[in-house]
Amino acid sequence: MEHADLREQVLEANLALGRAGLVVLTFGNASAVDGAAGVVAIKPSGVAYDRLTAAEVAVVDLETGAVVAGETRPSSDTPTHLALYRAWHDVGGVAHTHSAFATAWAQARREIPCYGTTHADHFAGAVPVTRALTAGEIGGDYERATGDVIVETFATLGLAPLEVPAVLVASHGPFTWGASVASAVENAVALEAVAAGAYRSVALTGELETIAAELHEKHFSRKHGASAYYGQPA
Amino acid sequence: MEHADLREQVLEANLALGRAGLVVLTFGNASAVDGAAGVVAIKPSGVAYDRLTAAEVAVVDLETGAVVAGETRPSSDTPTHLALYRAWHDVGGVAHTHSAFATAWAQARREIPCYGTTHADHFAGAVPVTRALTAGEIGGDYERATGDVIVETFATLGLAPLEVPAVLVASHGPFTWGASVASAVENAVALEAVAAGAYRSVALTGELETIAAELHEKHFSRKHGASAYYGQPA
Amino acid sequence: MEHADLREQVLEANLALGRAGLVVLTFGNASAVDGAAGVVAIKPSGVAYDRLTAAEVAVVDLETGAVVAGETRPSSDTPTHLALYRAWHDVGGVAHTHSAFATAWAQARREIPCYGTTHADHFAGAVPVTRALTAGEIGGDYERATGDVIVETFATLGLAPLEVPAVLVASHGPFTWGASVASAVENAVALEAVAAGAYRSVALTGELETIAAELHEKHFSRKHGASAYYGQPA
Amino acid sequence: MEHADLREQVLEANLALGRAGLVVLTFGNASAVDGAAGVVAIKPSGVAYDRLTAAEVAVVDLETGAVVAGETRPSSDTPTHLALYRAWHDVGGVAHTHSAFATAWAQARREIPCYGTTHADHFAGAVPVTRALTAGEIGGDYERATGDVIVETFATLGLAPLEVPAVLVASHGPFTWGASVASAVENAVALEAVAAGAYRSVALTGELETIAAELHEKHFSRKHGASAYYGQPA
């Protein structure tokens, strides 16, 4: 099997999304890039999670999106994933779900403010929401435009993708990413917990201030960057 | 066993409702029609899901509702299913649940507006709610009247059943359908996710606009009709 | 083992409460009465569900509460169960849980109005909430007073226990019952679904009218009494 | 294996947190102290629950925090646990989670008032919330400061740790404890049920009075202290 390692990682990541309760039916997909080979492995379109095999994982060209290995039609969201990989070279994997609470925030078209250290552990700031797509973008190359508006959002806000590895696409749902596809899935799990916690915190208080900048910085830097001391030594 | 294929499909569909967490106790039922044979197979009344067998699936006459195969009493909701099959010839299966969030919308007597692409992927417009039944309808052939009011709702709103394959019966709960009973179950799963997402979106925002018509049309047509490109080629 | 049948029924009922997700830790208990023998079998106090055996089920005297079989100390809520059995001779089993949504209504000290047919299928009217216990009742024979205030609530409201087989004890949680302990457990499951549905219906609408009396009566009588036609013939 | 018993208890407690659904990813940790030996066993940092073994449980010095057994880096929250053990000599185990509803209250920076007997069974009063940490505390020995502010909260409110064995750290999440680490885990489970019930009670009523002092005292003393009569005789 060509690109066997990449496809196995993508298979495992898609199965992990299912086990974590982040997807129902065939919603959602995860992918990984091999920048040197110029290819992306991604879930096939509309295949049930419990029947997925590594051989069914589609492999497409990073630049053109053409299928280069596998017998399946890749996820219809493939152009969104490709747009992210082409813009952000430090991203190794992307995950997309319609997870319950993150999708509620996306549908409400509200960013998720940082209300606690669970958020700060994973995301260096608020999880942003994109602008709505225009009628022209929707009628044109829609899935690519979805990726482009994510990249635009991060450029406009001056955010580094690996510091805030998640976005809410307005009226749609979350995308997360990471240095690897396993990290992208982990960020999808963390985002859903953060979205649920923020939803309930707002319900309890109406209005709520975000946490102190010092506390946010402290928790993010415990887990990320040169001064991190969370987890086992590499 | 007579009508073995139809009964196996209905058995599997009812078990799938249970596995998806859409039913508690013996609430809910799924059926499938064989239009050529003029029969409908449906869950027996009040039998626990974990003990159900294909031989216990009841088979009734599409026109009269008389039992034509099986030793069991069919679901008390059978006349509702029959009314839908007689009115809508492109419908092959029907599912009824008291799933948690869809039932909350039905009890609140509110249609579910389209707040995101999860909704647009499955339903071409808002999921409608029926009017309340009259005292005369409740006191007469109640279950048939429930089917008739669903058909009336779609006629009044000018909706095509397979474009919006779900309804909320006021003060009761959801019915879904599809070209097959498997599709009816899939729509029941999608409806519950959509109902939960809409509930939480409203909680976050109070008032919320529905999504752009272009976005709704784009997502529905990705999965349905001549220009669909979601899923694997048939 | 003395009263083996009764104890097996009570064991199975307690395990069913656990499987249905209605109890955490050692909260909750179920019991059954043998009126002819003048005994009640009930869960032992503070024993984890996953280790419970029929031999550990306590058997107590219906009138005095004295242990007549079994090596265990009976549930501390035993006097509440006994008060119900002594007042209501058609009740064969009682279940008590701290299930999530029913307990929220009990803590809010609000009855659960009938907002849909799921409710009407099981309960012939609103699920009532008791008055608060007085300081004297709390300081005296507290658990018996809890049973007495349930009986008082039904007498004051003129309710028949088997027509509304559930109550919310103010600031505490739900008790349910039935002709058998299996029916008491089924009503505990139904009550939790009804409580969750009502909670979400109120959240969607603020204020909400109860369903039409005709619809309530129709659904209750489909499942209960001489004209019932739900389920299989006995 | 040194301190084998202590490490086995800590392993089992951490696994129990996972089974109870109180942790996602690698959030959360539990520890136990051996006061005579002057050591604390605690979950290693950032290790997945499903792979954890007793040999990986870290053992640290109660006073200095230095690792005295085990090859792993202890949880980054270790200084918080140590601060509690050094201040409170009757505490044998501590658990920390980011459980969904307790974390929502912590993020909302609200104490959990006592709204029912589930609360009263486990906590002799409201579950308090700490003040926010200062920028200086966050920039200094942050995790130790987290422990110190918990101890300060209990001193200021005049609370006995084993009477209210839980706290909400503002903008962070819950810590619970007990005479043993198994009891600390049980209190974490109870706290999450209490937090969820209180959240929903407030949602139903807006404002809600706490329960009568007599009822609170009655339920707490049923399970705790000299007059307890819940559970089996020791």
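For clarity, chains are labelled A, B, C and D in written order, and residue numbers in each chain start from 1.
Here, a residue touches a chain if its C-beta (ideal position, glycine included) is under 8 Å from a C-beta of that chain, and two chains touch if they have at least 3 such contacts.
In this text, all values refer to a predicted model and were calculated from it rather than measured experimentally.
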| item | value |
| --- | --- |
| Chains touching both chain B and chain D, listed by label | A, C |
| Same or different contact residues where chain D meets its copy chain C, judged by the half mark | different |
| Most distant chain from chain C by Cα centroid | A |
| Chain centre separation in whole Å, for chain C relative to chain A (CA means) | 46 |
| Chain centre separation in whole Å, for chain B relative to chain A (CA means) | 32 |
| Shared-contact residues (touching 2 or more other chains) in chain D | 203 |
| All pairs of touching chains, each written as two labels joined by a dash | A-B, A-D, B-C, C-D |
| Residue ranges of chain C in contact with chain D within the complex | 24-27, 44-47, 72-73, 76, 98, 100-101, 103-110, 132-133, 135, 138-139, 142, 171-173, 199, 202-203 |
| Sites on chain D touched by chain C in the complex | 20, 115-118, 186, 189-190, 193, 196-198, 200-201, 203-205, 208, 211-212, 214-215, 218, 222, 229-233 |
